[in-house]
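What follows is a set of structures for review.
Here come two complexes built around subunit A, the first alongside subunit B, the second alongside subunit C.
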Partner chain A sequence: MNRYFRELSVASALLLLLGVLAIWAPHFYQPQPLLSRFTAQSPTLILTIGMTLVMLVRQIDISVGSQFGICAVVAGLLAGKGLPMPLVFLATLTTGTLMGALNGTLVATLGLPSIVVSLATMVTWAEVLRLTQQGRLINLPEGTQWFGLSQVNGQLLILAGAIAFLTFSAWFLKNRAAGRFVYAVGSDAEAARLAGINPKTTTFMVFAVMGALSGLAALINLVQSPQVDPKCGVGLELRAIAAAVVGGVAVSGGRGRLWGTFLGLLLLSTINPALTFLHVEAYWEKAIQGLVILLAVVADGFRSRNQNA
Partner chain B sequence: MRSPSKSSIQGLLLRHEVLLLGLLFVEILFFLNNARNFGTPENLSNILRHSAEIGLLALAMMPVVLTGGIDLSVGSTLGLCAVLLGVMTHSWHWATFPAALATIGFGGVAGGINALLITTLRLPPLIVTLGTYSLFRGLAEAITQGSKTYREFEPSFLGLAEQQFAGIPIQGWVLVAGALFFGLLVHSTTFGRSFRAIGYSPEGTRYAGIPVLWRTALPYLLTGFTAGIAALLFTARLRQARADAGSGYELAAITAVVLGGTSIFGGSGTVYGTLTGVAAIALLSNGISRIPAVLQAGIGGELASLLTGALLLIALATPKLLKILQDRKRDQTA
Partner chain C sequence: MNPPLFRLSSVSKSFGPVRALRNVSFDLLPGEVHALLGENGAGKSTLIKVITGAHSPDNGRLEFQGNEIRNLTPTNALRLGIACIYQQPALFPSLTVAENIGLRLEAHSPLGKIDWAGRRERTSALLKRIGAKFSPESEVASLSMPEQQLVEIACAVGAGAKLVVMDEPTASLTRSEQELLFTLIRDLKSSGVGIIYISHRLEEIFALADRVTVLRDGESIATRSVREADGNSTLTEAELIQWMVGREVSSIYPPRTGSFGENVLEIQDLHCAESGIAEVSLQIRAGEIFGLAGLVGSGRTELARVLFGITPATQGTVRLGGSPIVVRSPQEAVHQGIAYVPEDRRRHGVILPMAISHNISLAIHKRIFPWSRLRFGKERSLAQSFIQQLGIKTSGPEAPGGSLSGGNQQKVAIARWLATQPRLLILDEPTQGVDVGAKSEIHKIIRELAAQGVAILMISSDLPEVLGMSDRIGVMKGGRLVHTLDGVNTTADEVMRFALGEGAAA
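Then we have the complex of A and B:
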């Protein structure tokens, strides 16, 4: 019970919210809008998986929103040029990985603080986007949307893919040596080093994976609409961090589970539609999101204080 | 301990502040030759007017970073304060002066919330201020319904932004006052010097008998008050208050602090370094937008931010890279 306390409390908050919606706004559960809503969150889910890894090794990456934007624009431009989709996918994932590797090099090899490094890369990539695109939307060729399938099939495919990827990542993190390295380095880098794990390599790899996941998320986002908005990544880093924090991932590293992050994301992304359905004005979304983050950390604070006492 | 005497000149040149002064010098030379009307007195006043808010926030952020913390919520606090000023003067019909005082007070309350959560519950500053970053901006958006803009401020209040005293804009004087306050606080009081000690080693500071919790709280409180003052300057300068006031300012302030040589892990840094960092960023964004080619393309803002980001990376990476190279050379000769 105690071990899964955070997951259980987030799950009950989510259930409560869903129950309220079921009673007062049953049209929330119409299948098609619900499916669209879930599919629209799948890019954020992919980013959140990466952010959980980054936070588990006791780092932070606030450049993921900008990375996501760059990847989306690169994919859009290449697809617009008529490049075959597999090549577009490959190029986008490579772009993301390179950006992640840059963060990784600066943090792991040079030993610079990740908050400042990713702050600098966040600003740099965001401005590169603004300079090159000037806010222009990129039109995608026909047949890109939903992989050329019907909308429902495309959405089901994306959703199934995202959930499968989450399941795989959670299994990998729990059962494979490389996954345990992430926890070990985040808990105590020096102890991990003495145990024969290379903390620098682990940290570098996590940032590179985060970059690759930004690329993957951008691709999943790309196939959902006929256009690419260069501003599509703005604020995503905060959503990802918020989901991880609410889901019980500790900023002090080494503690947290992907399923908790998943629940955190579900809770956060149900709040906004719930507001609309319950006729609360949507302007409150950001304030409530902030409040949920604060509640989550305050709960952590009280718990650790009681445990120490 | 490595003795500094042997390579003291090299060591001095590698000092962050010296590198930064060099950069400032290069910037000034470059813009004097390439940017239109860069060196005129009007433009200098202009630079001061535009950099006062971020300058103040950076000065207040510096002690926070010095204690090993961070405050991501300053931009949102500024926005919330600006909106509250609008509410008090427009909806409640308060006179400007009490409303302005209350605005600064609200800033203090916002800073107090951060301080309370961070110190009493010992929560990580990064996440607490991330939460209040979202909360304060969200409150500002909820109050204004996302779109309302307050414009009918008293002319005498708006006029403050244009006024000069002894040939220097009011904003310049506020910035000087802020620099003196934070400079004296951090460098010349035992109180302020404990910030550095806390950032260096909180446990050690506690054993030295210093009330660590209360002294960690103070910088956040001051940041809140400062954001309130910056909100007044911001509103007067732009002649309006909106929910998006000061968004992104937290990043600019942190950039200036780190560029100015304060360690993001806490424990070392100077207020004059932060001021130099503010100047480097302010001159860059002003100068860039005055280069004829950039002016024509209308990309001054983007280019300035891009260069600031790149500058921050280079400023961080260069000393580390040089140190790695030096160590490697020493290992080879040894």
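Then we have the complex of A and C:
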């Protein structure tokens, strides 16, 4: 019971919110808008999976928003040149992986603090975007949007794919040795090293995976609109971190589950539409989100205090 | 006779179940050098911390210049004139000598104005008084270790300290630097300062101290004058060592088997520049327990870390099972069949938030999980078998490592390495902080492992343990293996003599 306390509390809050909506604003549940809202959150879901891994190894990556932007532009430009979609996908994932690997090298091999490293790469990639694109939108060729399917089918495909990927990641983290290493390194890197695990490799791999997921997220985002906005990634890193924190992933590493992160993201992304449907001023959204995050952090604080006592 | 400067009467202090001090009484006269002697863990550090106010005793009475003091805090102690000079000077390396001394001695309000000229003047005067040759403007990081110690002493003198505690002040000094320090100590002494002097070097105690108190297992064993009024020595080294180690080796240790196989580990002329290991050669046979004794800092843990690839060797050969191996990382060590249960179990032996079963399987993923697919059933039954075999007291294999007592955590750490079926098992302080029952269980486990043919290298500061468990005992000092003794026939006195470097007198 205690083990899943955080997941259960977030789920309860979410259910409460959904219940309130069901009574006071039943039109929230109209299928098509609901599907659109969920689909729009899929790229963020992919990013939060990566962010959860990064935080589990006791690191942070605030460059994911910028990575996402670069990947989106790379994909947009290549698709615009008429490259076949599978190649576009491959190139975008490679771009993301390389950016992640750069963070990983600086953090794992050189032992630099990840907050500083990813701050530097965040600013660098953002500047690269600004200089090369100067805010221009990139038009995508016909047939890119929704993979050339109808909107509903495209949305269903994206949503199903994202959920499937989440399920796979959660399974992987629990059932593969690599997942165990992530928890071990995040709990106590020195102890993990003494147990014959290489914390540097683990940390590097996690950052590389984060980069690849930035690419994947950018692609899932790309197919939802006819154009690519180079600024589409701005602020995404904070959404991903917030979802992980609310979902119970400890900033101190080694503790947290992907399903918690998923619930955290659902809760945070339901607040905004809920406010609209309940006719509360949209200005309140950020304040309420902030409050939820604060609550989560305070709960973590109490938890670790009790553990240490 | 003068009234004592400082007196402790029947002071006790416990940390959880560990009784660090039991009914210790101790006094210091003005102008006296009183030496404190004892093995690692005998209670010296705790006693000092009580005197400097860092620990408050559970019971007992403290008096300073005849007045009882209650609730001694570090700030209070400083105000009374109690100063402590630690082995490692606690200075700010990027600030100058004058700034460091100023920070300690000047009453500072955060926004107050600093009197730079006055500070410099006072520092020069202090440095001159203690015979230091460096400038008040030198950055502390650029000073040598003994010079930094002088800065600490200058602080104590400048604060008008009446009682100075010196914790192994000569540990990093050369002989001529020692002489300088001794002159300074005699100087302080003649001006009426009382000095509590801690050192493992017996010759220093004979040269410097007026009285000596020996601690053992948190108890004060003896307090004696070092010299008669006529200047003749009243003590012998043998007596002091006898008091320090005095315990009889109890018969509770499991019996030795006495039958060994081939050499499992052969080390030839091992060096590691980074950790100060030099010219270490030793062999351990299958089924043999090789005890590694020595003082803290003598290079025992460092040797283990070299063998396990944490700080790889820079020179020398290591053979395992007859074939030469090169170990550059813990992974390679694990791969070769070397296991290391580290000293700092609470931090690095067990991953506290992880389940016991996960902790146990951590080093053998490749072996038991083909294609690195975890098999929870297999993992649980593995953990279950170790829980039974080692008698780990827990609610189950799913319980986190942090929920266990110290002794049981240690068993989990050992279980992880047993699971690797090592050829060489290195145990660093295997029973430190473990209660008596668990301790003898761990001893039994170690002996059984040896009987199964594992070569065991056991580091321990607990002399009776080393004597009771080891088939052979290597004594380390200054990063070298200074002597190897037969575990059955040697005595605590003999081991201690080599550890202290008095071997020639034996």
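One rule holds in what follows: the second predicted complex is superposed on the first by the 303 of 309 C-alpha atoms of A that agree within 3 Å, B and C clash if a C-alpha of one lies under 4 Å from a C-alpha of the other, contacts with A are read in each partner's own complex, and residues count from 1 in each chain.
By definition in this document, a residue touches a chain if its C-beta (ideal position, glycine included) is under 8 Å from a C-beta of that chain, and two chains touch if they have at least 3 such contacts.
In this text the structure is predicted, and so the values were computed from the model without any measurement.
Chemist: In the superposed arrangement, does subunit B or subunit C reach more residues of subunit A?
Modeler: Greater contact footprint in residues on subunit A: B.
Chemist: I'd like to know which partner A:Arg303 touches here: subunit B for first, subunit C for second, both or neither.
Modeler: neither
Chemist: For A:Arg136, select first, second, both or neither according to whether it touches subunit B, subunit C, the two together, or no partner.
Modeler: A:Arg136 contacts neither subunit B nor subunit C.
Chemist: With the two structures laid over each other on chain A, which partner does A:Leu294 touch: subunit B (first), subunit C (second), both, or neither?
Modeler: In the superposition, A:Leu294 touches subunit B alone.
Chemist: Touching A:Ala184, do we find subunit B (first), subunit C (second), both, or neither?
Modeler: So A:Ala184 only meets subunit C here.
Chemist: Is A:Ile197 touching the first partner subunit B, the second partner subunit C, both, or neither of them?
Modeler: second
Chemist: For subunit A, what residues appear in both contact lists, the one with subunit B and the one with subunit C?
Modeler: Shared contact residues on subunit A (touching subunit B in one complex, subunit C in the other): none at all.
Chemist: Report the residues of subunit B in contact with subunit A in the complex, numbered from low to high.
Modeler: 70, 117, 121-124, 126-128, 130-139, 141-142, 144-146, 251, 254-255, 258, 264-265, 299, 302-303, 305-306, 308-310, 312-313, 316-317, 320-321, 324
Chemist: Using the touch definition from the top, list the residues of subunit C that touch subunit A in their complex.
Modeler: 308, 310, 329-331, 333-335, 340, 342, 347-354, 358, 362-363, 365-366, 369, 372-374, 402, 416
Chemist: For the complex, give me every residue of subunit A touching subunit B.
Modeler: Within the complex, subunit A contacts subunit B at residues 60, 106, 110-113, 115-117, 119-124, 126-128, 130-131, 238, 241-242, 245, 251-252, 281, 283-291, 293-294, 297-298, 300-302, 304-305.
Chemist: For the complex, which residues does subunit A have touching subunit C?
Modeler: 174-178, 180, 183-184, 187-188, 190-198, 254-255, 307
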